[in-house]
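Letters A, B, C, D, E, F, G and H name the chains as they come in the text, with residue numbers starting at 1 for each one.
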Amino acid sequence: MDQEQLRSLLEQVHNGAIDIDSAIQRMRHLPFEDLGFAKVDHHRALRHGMPEVIFAQGKTAEQVLAIAQALLKNSPNVLITRADRACAALVLENLPEAEHLPLSRVIRFWRDRTVRGKGKIAVVCAGTSDMPVAEEAQATAEVMGNDVVAIHDIGVAGIHRLMHNRERLVEARVCVVCAGMEGALPSVVGGLVSCPVIAVPTSVGYGASFHGLAALLGMLNSCASNVTVVNIDNGFGAGYVASLINRP
Amino acid sequence: MDQEQLRSLLEQVHNGAIDIDSAIQRMRHLPFEDLGFAKVDHHRALRHGMPEVIFAQGKTAEQVLAIAQALLKNSPNVLITRADRACAALVLENLPEAEHLPLSRVIRFWRDRTVRGKGKIAVVCAGTSDMPVAEEAQATAEVMGNDVVAIHDIGVAGIHRLMHNRERLVEARVCVVCAGMEGALPSVVGGLVSCPVIAVPTSVGYGASFHGLAALLGMLNSCASNVTVVNIDNGFGAGYVASLINRP
Amino acid sequence: MDQEQLRSLLEQVHNGAIDIDSAIQRMRHLPFEDLGFAKVDHHRALRHGMPEVIFAQGKTAEQVLAIAQALLKNSPNVLITRADRACAALVLENLPEAEHLPLSRVIRFWRDRTVRGKGKIAVVCAGTSDMPVAEEAQATAEVMGNDVVAIHDIGVAGIHRLMHNRERLVEARVCVVCAGMEGALPSVVGGLVSCPVIAVPTSVGYGASFHGLAALLGMLNSCASNVTVVNIDNGFGAGYVASLINRP
Amino acid sequence: MDQEQLRSLLEQVHNGAIDIDSAIQRMRHLPFEDLGFAKVDHHRALRHGMPEVIFAQGKTAEQVLAIAQALLKNSPNVLITRADRACAALVLENLPEAEHLPLSRVIRFWRDRTVRGKGKIAVVCAGTSDMPVAEEAQATAEVMGNDVVAIHDIGVAGIHRLMHNRERLVEARVCVVCAGMEGALPSVVGGLVSCPVIAVPTSVGYGASFHGLAALLGMLNSCASNVTVVNIDNGFGAGYVASLINRP
Amino acid sequence: MDQEQLRSLLEQVHNGAIDIDSAIQRMRHLPFEDLGFAKVDHHRALRHGMPEVIFAQGKTAEQVLAIAQALLKNSPNVLITRADRACAALVLENLPEAEHLPLSRVIRFWRDRTVRGKGKIAVVCAGTSDMPVAEEAQATAEVMGNDVVAIHDIGVAGIHRLMHNRERLVEARVCVVCAGMEGALPSVVGGLVSCPVIAVPTSVGYGASFHGLAALLGMLNSCASNVTVVNIDNGFGAGYVASLINRP
Amino acid sequence: MDQEQLRSLLEQVHNGAIDIDSAIQRMRHLPFEDLGFAKVDHHRALRHGMPEVIFAQGKTAEQVLAIAQALLKNSPNVLITRADRACAALVLENLPEAEHLPLSRVIRFWRDRTVRGKGKIAVVCAGTSDMPVAEEAQATAEVMGNDVVAIHDIGVAGIHRLMHNRERLVEARVCVVCAGMEGALPSVVGGLVSCPVIAVPTSVGYGASFHGLAALLGMLNSCASNVTVVNIDNGFGAGYVASLINRP
Amino acid sequence: MDQEQLRSLLEQVHNGAIDIDSAIQRMRHLPFEDLGFAKVDHHRALRHGMPEVIFAQGKTAEQVLAIAQALLKNSPNVLITRADRACAALVLENLPEAEHLPLSRVIRFWRDRTVRGKGKIAVVCAGTSDMPVAEEAQATAEVMGNDVVAIHDIGVAGIHRLMHNRERLVEARVCVVCAGMEGALPSVVGGLVSCPVIAVPTSVGYGASFHGLAALLGMLNSCASNVTVVNIDNGFGAGYVASLINRP
Amino acid sequence: MDQEQLRSLLEQVHNGAIDIDSAIQRMRHLPFEDLGFAKVDHHRALRHGMPEVIFAQGKTAEQVLAIAQALLKNSPNVLITRADRACAALVLENLPEAEHLPLSRVIRFWRDRTVRGKGKIAVVCAGTSDMPVAEEAQATAEVMGNDVVAIHDIGVAGIHRLMHNRERLVEARVCVVCAGMEGALPSVVGGLVSCPVIAVPTSVGYGASFHGLAALLGMLNSCASNVTVVNIDNGFGAGYVASLINRP
């Protein structure tokens, strides 16, 4: 409609109903994004294959349901993260297409299963306690159209188990590596592969892990040059960036 | 030569000079990487287009020179980071092909200028004080075969300057964003583009910036989902990962 | 009554019942604030248009009610902050004039609605999770006699939404900006407007937000010169100072 | 000139040289700030009475001089902060109008001395060691057109000295309070006055002051509701915001 | 009895039943504290007027009761700190002499009420939320035989209330000052009095108070030379040391 | 079976069914640990006398039970740490050989009670609140075949109690010392003994103990040269390393 | 002179030159401390036996000299702390009575050597590196009229050396204990003596001592109830408070 | 001689020159360590094979020389750590037996080269920058009579180099592992070997390594159970404890 405002203004310019100086003056007050800017966002959504994400934390179950219902009208795939049990129950009851992953507290609607990624994304985690974060990364990457290889429970103190999976790691086009405690796994994986590694510190640990701070610092100081880091427990962010990297 | 050991062992197996059980026994003690493992590294180097990097900090000028001379025999491109003036002087005197970037303390040998990257890498910095870090990222990405677009001195408090460069940002396939102080620029850039953003906190700032900690925390907590983070002042790491992402 | 003490002493001086040296001696022991000092406070209250605030946290519902009843005798407007549900229920039951804002846990008595502020106060928040803090700021500024413009859910990663509200921001005489996570919004707003910006870090965030520390540090290091900061989640303080600035 | 582009486009619309759809299409690619946006900045500068500030830290003396010379063509008043001795010497030699305040490392050109502020700004400091920061605040506020009252060396451990200056504090329309060590002075001043107090933690202190962190935390936790805080040692920022608040 | 061992050994030396070398040898293995060392502890207890304190936190109600019953046989006064409601109920039911202070979670047996202190101890707190800590300090000092003056709810932002109590502060021989938030009160009190001030940071505060850290740092950096500090919320320790200082 | 793969390959080499170059080629892709590597782990388990530990935290009671049942088939001794009450109830009900230590939340199966350690391990704790951690260390060391001397409730503020136990400390071959609060006990013990001391900071403390950080830093900075440190509350780790040191 | 103002006002009251209401009105504006308040400070100085201290850090040598010269006119004893070599040289050259203690960077004028303290003050330090801080404490306590017992180089890892000095410690009326690294000595001393212990963390240490933070936290968490703490390296503060405690 | 005092006292008891009660009384005041206690220290020294260590930091070259000369009279081996160039020059000039290791700033006198250790000590470091710390550990372990295997420059990002040295690691009886940056190497080594691993965080790193804090936290949170940690850069401590563990 704002384009209509502009069109109407230009028509007035064309037919002399308004002089050019006044037109310039009025243009200054047009919100610039109405000149087509919002379309960029729309295009981006189409290009990404995942129009919307709902962060359920801090929202009521009813709010999450309502937002999901609205989004599903235009978006084949919708991802809900950090949904508690009550929220999941309500959504599943009302939207039977929903898939619930209780470990990672993810709900997803994965109706368009086209694979858009160029290669595989490996999602690795150090211990079973890191699995909720890894699962969030995996669910995110999948719903964004990627083929995911999940490799679980591979700690640096049992390096031969890592070596055993070397080939699967080397084949991936991006690696997401989740680890708590000392957070050393991304460095070791980073040394084995030549693709980008996205490190996710988890809040798993005891005492001086300080809720993931030790792992976070470890990953930021990685001696492997192909490692970048996202926030503590941010499996979603890691899966999201991995998907972007994996676009052809 | 270790392959020779293996070959010789297998020949003994073949001609019966050693029985199979003894052969298995001896194989267990062969260092596994001698079974061709090291070749992976070599292949990786070839594939990356940048065989070696020298971190000059903590090394004498003479050591840096010697390492550079050795590497240049096999590697068309060599990158030296964190080289002080004395180091640069010695290297430049002895290796006239060297290019010295005093601001970022980088020395580079950029003999193979083939562009390997699929798209452009944008390297953005928030203020002039962040330029040394941005330049290190740019030098790294260039020597790894990328076309780099440098956009300098774009702070979040002057958002229209950022908007002015929107089109150049949107065209990039990866963005590296360097910022000190509050470290907000990667979030704003991340919201404008749909490609991965690598955020580099810089140690630029006063008082409660705590040598880059404020910027680091800001970037890790970015509300833009396409942002990942490297260590404070780690321009090299950002340029390196950006290059990996930009590979076709 | 202490003024009475002084008056009586001076009368004794006047009629010679006490000599001057003894009078001086006794005066030294008069508490100085009894010489009219307390009146300053009273005047201040009148001038501010908001005599008293009750911080409900750490007080029983009964204590809050009793204090509120006492204050309402002299004060047209009373603000209660951080009131839990039980407290709100008791106050609302006994004092039907009370208005309860459950999101921000504010209860207010807003009987004198005179507008005392010279211009408008914009209260901006970055995400829906920051709304409780923003609402506390708004409720405070309103009850102190200000016209408040509320602008919600404007993140730095969606900069065009901010731009869309530019005009409303530019018109304000003071801006209060609430943001968690990376806390970058005050810097961006600070660059758009020329009035003072009061930044309120919120404890909203995950992992390395460290309960608002990341946002706090971000705001303290703002590259916009017109930004000052209050404590984490301190919406009341921001609304209070904004009101003082907005006085004619 | 970009306005010229727009004007020329509209003229083409007017005389039919371009049809309206094509005009809209081209308008989308015009940088929006060219539609008069930059003028806002210009107006702001005029309204503020201080067009430009140069942060000398991290710039060479020659760079600072060149920028100053350029700015002085359009701006009556220019402020240079954090200028070291070499920088000051060069500027003073070339620009004799410059005034150098060595304690605060400020250089200023104060050619337009119109008083624009409505009331007085009090700049208070706790100890003699805090004076450099206080002087930076004072120099900033003065060059922005304010009448400044400087009150030095008033610590909370000698409360009667503060009381002695009570009247001067109460008369101010804004207070800037600089303190290191425990940073308690802003709270005490905040309780005495009813105007906004801008607290500046300084890096003055020993041991567990942690370069101003103790003072910073103290000020953020002030029990006085009229206190806001800027970064450690940021006298400039405090003087700047105080000037904005003091505008009529 | 161990003295008996020694006596018996010496008797053997005296009557030649053991030679001197063997006696020396055996003496090396006598636990040294059995040579009368333990008596020091006993004397100390008598001299202090408070033989034992029970820290109830981390003990069951039954354990606390049993220890109290044992101690009361020899000790006229017993202090129990950090006792929860269940613990208090059990102790009060079984030991009717017990006095329970629910605010500070103290239980005390105060049978010997002799005043041993030379002067008065002032216990000051900044806000009503600091009262539990202040009460613990007061209860401790009283049960150790001191005359305590309690001065509550005196914040630095209302300095005239402090001034009003100046005389009572000046008369004290030791001051205990409890404050949360910015923790500035000990500095102000320290400047008014010439006796030692024991500062107790409390965990009262919001956001960047970080559970008492802000107050703790503030107090350690006090500009008043007569201030020393105890742990956060350690009212007991402050009351204990104040009692020691107040001994004649 | 993978050994079988290798054997079959070598047989083919032997009988000429495959040429040597092809054999080498295929060997590169054999996972190296299949060449007998896993046996090392098995041997290690046998040598240690304790094949497996289950960290119960983050696992369901059912999961813990199932793992325990599986491990008990091959392992005489199994240790379960951090088991809550529900977990313990289920395990004890199903596996009557289990021994439950509720204080330390340890469950252990101690069927092979051979003493493997060369000397004694002293496990010392500073206060009764540190006993859960000490008990975890003791249970670990015992189940790994060591003779443990437990010395409880020996604080540095009652140094004569420590002296009283000097002889028992001096006799030990390794000391584990658990302490919270200021964490000073390992330094004092370290000065008395000439064997290695493993310090375990506990999260016991108040206020500025920061959940064991104070004790941790104290121990890392010990002035006794024979002290090394494990993570906060990590009694298991301390008992484990002590056992390794105590091997003959 | 302000007393003169008051006297003159009272005379006017007496002779009716001013009516009582006007007198009260004028009195409100008299600065209260002019009513004899400053005398308190004077009395305090006399009672303390040490009128003034000069913190030399941050002052020029000339400033320190000038202040010292002024103070010496009224004060028999003057203490200068943190004086560098240049400062000491200038003061010693001009004021031959000065005594310079280079280790602690103290200069003192100790002309009145009356012993005012009731008992002895023990100043203990853990290692030779802590001696500068201990010497500052000793110099302060001495110049304030105390008999000081210095006990050096007594670490907790050599507890028998501490025991050797037990009798000297027990005799003291106050102990000042300086320690870096783990800061455990005050706890051990606190357990041996029954008098107040003032703990001074020193910045001596390596790595994770974090410039005295480890020692500071250790001392705040002391398990000995008679320990209070001053700032890192604050030998002056410790000596000052010890003197106050030691007053009869 | 104190034994002489005791002997003389006992002789007096024996011959009746003193009665038993008086003897007991006098014995209480004998320093207990004179009863043979000091011998323990002497014995310990002999048993350790390394009587004394001199920490040169904070001492003058002359002091270090004098202490070394004194110690060399009784001790075959003396170790000086953290000696700067000036100190080394003076010691080498005067004591030609001295061996100087400039990288680690160690000086040692290694006259008794008896091997006392039971097995080998492996000293591993992650990068060339960690070599000074590793060398300090090696020098310490050697001078204490151990056979040391040095393995340098083995990072976790090049895991095959570590694997290459697996056999040498597995043969060691203790491992010392020095690493900066993310500090992951001890975890990986700990998983490969079954002996105790002493982890030494080094201050090597950039930005968010925070001078070794990242490595320290990483090591404390190691997922390998056989890892204990010493202070940042404390190569001496690691070598010392490794020697104690390696005693037969």
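In the analysis below, contacts are C-beta pairs under 8 Å (C-beta built on N, C-alpha and C of every residue); 3 or more make two chains touch, one makes a residue touch a chain.
Being a predicted model, the structure only gives us computed values, none of them experimental.
Between the contact lists of chain A and chain B, the overlap consists of C, D, F, H.
More C-beta pairs in contact connect the chains of E-G than those of the other pair, out of G-H and E-G. With chains reduced to the mean position of their C-alpha atoms, the one farthest from chain G is A. Separating the centre of chain A from that of chain F, both taken as means of CA atoms, is a distance of 39 Å.
Rounded to whole angstrom units, the spacing between the C-alpha centres of chain A and chain E is 55. Residues of chain F found to touch two or more other chains are 32, 37, 163, 206-209, 213, 216, 220-222, 231-232. All chain pairs that count as touching, in label order, are A-B, A-C, A-D, A-F, A-H, B-C, B-D, B-F, B-H, C-D, C-E, C-G, D-E, D-G, E-F, E-G, E-H, F-G, F-H, G-H.
On the chain D side of its complex with chain B, the touching residues are 29, 31-33, 37-38, 58-59, 201, 203, 211-213, 216, 231-234. Interface of chain B with chain D (complex): residues 128-129, 160, 163-164, 167, 204, 206-209. The touching residues of chain H, counted against chain F in their complex, run 40, 44, 47-48, 53, 170, 194-196, 198, 216, 220-221, 225-232, 236-238, 240-241, 244-245. On chain F, the positions that touch chain B within their shared complex are 3, 6-7, 10-11, 13-14, 16, 20, 23-24, 27-28, 32, 35-37. Interface residues of chain A, counted against chain H in their complex, comprise 126-127, 155-159, 162-163, 181-184, 187-188, 190-192, 205-210, 213-215, 217-224.
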